[in-house]
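Each structure below appears as structure tokens.
Note that subunit A is present in both complexes that follow, paired respectively with subunit B and with subunit C.
== the complex of A and B ==
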């Protein structure tokens, strides 16, 4: 008996110790989340915008058909939002969604499949004069149907492995069909959805306020009474706001130096979440300009880069960290490190790589001290440190590279004109998905700034997009990657961005993902005090 | 009788030391204007450092060394290193080349073009003077930095464009000062005589008027040098001047220097000191030169 009493006492002690932790993990109701937003929403219509300046303050007002699991750190797992369940036909051409019942718009109207159809018709088949930024991502869709109030159906022209994840796009707010029928532009200047928070006010350049939606379909949520987004463009002012506890969080990201200063200043009052970021800086080389038309020269440029060493050091001063191929490390289609180390410019023996680079330059007739201009975007992080690093790396193989900084707003037009020899190219995705990330490397893509022509890449892209078996898709992607980064070196990846979110330790229920466009509905977020 | 021969006394002849006129002027300047002399000494030192940068800089100013990134000042790196492990002292030494190139380039060009316009305006008078001065007024209505910013935005940011962008706002300021001096020279009898002798306008302006406005020209030139260095640093700090990885003082103050101001203050302190010292030196020298050359301010 005494033996059992001891065990019981031990169990009781463990249970008592666990109590406060359990209580702490139980979401607390109430409070206002305050967050800084470094940008502003140009309009209120998610279907036509592409800035996080819209997503961060506006997303909490809306629901989407599917969403990315708010607790999935890879940001690649779709779960139902307005869709309760779904089925996919055997041939992969018909997706049928069961729509939740009892979902109410903020004006009291009930949401039906008709609203889903109207919203997706606006995204995929916009009438003339209506801008839809992601229309091309749904090129496979033949029709959107709403056979009854609780069923939405998508019919595809060809099977597409990325389709389900594409429907979890955070931009695809579901609007009210009646309003769209009256004025398809109404949502550009107004807010009215089915999301966890109702719109209160937007004072341009100052703040955005939302309050709890008591009729939200997910009973018990949201936990917060409301939120307030503060528009603060200066990064030092954002850091000061978090340091002074005037803002709980900024959802885009801070630099390593900002993180360190916040941790030093606030100690246990600050929590830090970090993740690989679905953004990458690449070097585009103009294939129609000499000597970059020669793949030996392009290969030499990538061979000069010591990515592994840079990963260790640049991550201390810039928002970059992982060495990566064409997909974000840690996500389903990312290149395994052993595979990556076989690619040109990724091999651990940098001396051997640089010796090969010098030999290739010599073979291509590029003299020692050859000079060219590298154009970079006038944004400090991480463009500036990556630009300095690239120039230093190329100097190691005898190239004399000058940097020309182009103002941010003039940069994209410059890339489109092809007015460069080598230039920094950039990409940020809202979901890590090969279809979305690699479309820019197709011969006819508007974003093929280096103007390469490669039918093999086009073919491999299409094959991976239509591969329904993930393992088969991975194999095709590895072949595509080898051709793109090693054999032809149409483009070179530098380092993967690294997202750092230092936030008030009071903020719970929010999980970092590789995209700063994801996980902003705030229904799962709560404050400890 | 033996005549005692006394040794001839050695003649101590006072041989006057031959001093050049320049040495005399320098000595006089140092004695009368010690602050100006200090300014001049700093300028000379700065020029020497710029010329001998390759010899005296301990490291390659562009060479990165990640193993030594953000090192504080030490025996190995006297002024510490930056975020790329680049030696701050070496970058400061090479940065003096950029500062002097842009500073001298912009102020010589600005002051010379301003002087030509000012003298021309005063000489021709009438409508030419009226239109030129109104044009100068338009340029003068813009603050120096705003005009330079606009020009860099239009021309793009290379060193020649930067010199041009700093030169343009300096021209009207110089033209105004030189014109006021040239107006009195225009009324001098020798100018009338030259005109009566049938000399051309160009000859009268270049041979008879310009040499007589040299004093205000030199004063303006030295005053503008400090301003031009400051303007170059400001534009580079704003990301519109010299571009990385070129070493330039203003550039060393931006970006990472701000970000790491608390943990690595040496990245901002030393370039800041270099800019202040250079501008201070040029201002001291310019002020003293003005006092020395302006008869009204000359004190015995």
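== the complex of A and C ==
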């Protein structure tokens, strides 16, 4: 009995300790979330923009067919938003979605499958003169149908393993079919969706305001009365806004130094969430320029990089951290650490790697002290520290590299012209998914800046995209990765970006994901006071 | 007098045309393209076909002379077109920012004038005394201190000492004067201090020069009291170069407070200018340059009128 009494007392104590936490975890209704946005929306149409400056203030007004689970830290788990449920045909060619009933647009109109079809038709089959940035991502779609008010059906030309996740794209706002029929460009300058918040005002360059949608389909949500996005371009002003409690959060990310200064200044009033970031800086090497046409030279360049040491040191000053392959660490198709360490430039013994690099350069006829120009983008974080690190690493194998900083606005045209020997290439994704991240390495891709031609990569890409078994897909991806980064070294990855969100401890119900484009509907977010 | 003013007025137009040609050509010479920038986004990729289609939509596939002619015809009708970045009318983009920048410029000018003229006059009257030295140190410190740095110091002081930050959203004065002043008084002080330093130095040296003139000696010999000598004879004449400095600084403030606007997160014309250049938003850059240079030219014209009023020699020429 005494033994049980001890156990009971222990359980009681645990329960009592858990009580305040449980009470705190119960969402509180009310309040206005204020967040800083470092960029601004060009137009209001998510289908044709590609900046978080649109997603952060505009996403709370809309629903999408599927969404990424707002509590999934990998940002790779699709859940229904307007879709209540779905089925996939055995051959993987037909996706049928049951649309929720009773979902209302902010103007009072009822949402039906017709609206889903009209929105996806605009994305996938835009009429002439209408821009759709993600049209190519749905090349597999043959038709979108709405056989009845509560059923939407996608017919595919070929099975595509990423299709479901691609439908959870945060950009694919569902618009009202009647409005699109009258004016397909209406949503460029107007806002009207079925999301948890209604549009109140946008003062250009200043702020954006949304208020709670009382008719939101998910009863009880949103918890907030509204939100206010403040457009703040200067990073020091963003930090000051959080520190001065003028803003609760900034959803893109801060530097390690900003995090440390906020934590030091605000102590328990600040909470910090961190995650590997679905953004990577890569080095593009021009395959049509000597000596980068020689894979021994490209391999030597990647062998020179001590990524493991850099991870420890650069993560203190720059928004990078993890050593990674072609996928974000911690996500389903990420390279296992033991596999990663087998790739050129990822082996733990840096001295052996650099000795091999020197030998390869010699074999390729590259003289000691060979110099070339590395072009970098004129953005401080993390381009500058990574650029300096690369030059230092290449110096260790006897190369003399000059860095040329190109103003950010002129950088992309320079890459497209191929006006470089080696240059920093970059990518940020909205969902970690091999199809979306690796398409740029196809021979005919517009983003294949190094201009490599490799049918083996093209073939492997197609095979992994159509592999319906995840294990089989993983195997193909590892082969593709080995060819891309080790055997041919068409490109080299530096370090994975690292997302750091220090926010007011009052903000609850928001979970960091690897993408700063995700989890911005704000329906799950609440404030403790 | 009217001939003088008419001449000055008519000179404004060729100047504006020159500005229009220069900005139109320059912005197209620098590398970068609004369409590629807008379409590449963070993923850094966009198909060439999509880029070409968008260029056609903006009329960028037309010959440059045709683009220029279309734009100038619009400007003549006061239609600056729409922003290539946001698609919104230029007037809508500029309206609020213009009001904010104008208010900061006016407030900074008030701060500068209130500091500069009394300090400059006192320093001249008390030349080489401790008062003069104190004013000189104050004004040289103002010249040596960048406004944005002073702004950062203000922000840090408010944050660390008072645990308070000025509002980050602009509220027009007529909506809520208190909120408006709480936000704008700090940049006005930061900018006004540097501005006052320039004007103080100018007031002091102009006063010193005027106080040595024969007509001042004559006025004193006639038995005029010091106050009248200063206000009627000395200050009015010494104000000519000071007015020039104040006018030019005022015009500069309208679009030149780029860093200060960033520090205080002011949604002004300077910040808009930087964003427009970063986005290669041709139509917006052209409109902003025309507006700011038009304002400069207008302020110069007003200065010319003031000169004529203050100095009869110009009037009667």
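Going forward, the second predicted complex is superposed on the first by the 512 of 529 C-alpha atoms of A that agree within 3 Å, B and C clash if a C-alpha of one lies under 4 Å from a C-alpha of the other, contacts with A are read in each partner's own complex, and residues count from 1 in each chain.
Here is the rule we go by: contacts are C-beta pairs under 8 Å (C-beta built on N, C-alpha and C of every residue); 3 or more make two chains touch, one makes a residue touch a chain.
Predicted model only: the values in this text are computed from it and were never measured.
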item	value
Touching partner for A:237 - first (subunit B), second (subunit C), both, neither	second
Which superposed partner A:129 touches (first subunit B, second subunit C, both, neither)	second
Touched partner set for A:486, first subunit B, second subunit C, both or neither	neither
Residue contacts with subunit A in the superposition, subunit B compared against subunit C	C
Partner chain(s) touched by A:246 [first = subunit B, second = subunit C, both, neither]	second
Partner chain(s) touched by A:43 [first = subunit B, second = subunit C, both, neither]	second
First, second, both or neither for A:215, with subunit B first and subunit C second	neither
First, second, both or neither for A:414, with subunit B first and subunit C second	second
Partner chain(s) touched by A:294 [first = subunit B, second = subunit C, both, neither]	neither
Interface residues of subunit A shared between complexes with subunit B and subunit C	236, 407
Sites on subunit A touched by subunit C in the complex	40-43, 49-52, 129, 131, 133, 136, 188-189, 203-207, 230-234, 236-237, 240-241, 243-247, 279, 407-410, 412-416, 425-429, 440, 445-447
Touching residues (chain side subunit A, partner subunit B) in the complex	236, 255, 257-258, 260-261, 309-310, 312-313, 316-317, 378, 380, 384-385, 387-389, 391-392, 395, 402-405, 407
Parts of subunit C lying in touch with subunit A, wherever the complex brings them together	30-33, 36-48, 50, 53-54, 57, 85-88, 92-93, 96-97, 152, 155, 158-159, 163-165, 167-170, 262-265, 267, 271-272, 275, 277-280
Contact footprint of subunit A on subunit B as seen in their complex	62-64, 66, 69-70, 83-84, 153, 156-158, 239, 243-245, 255-256, 258-260, 262-263
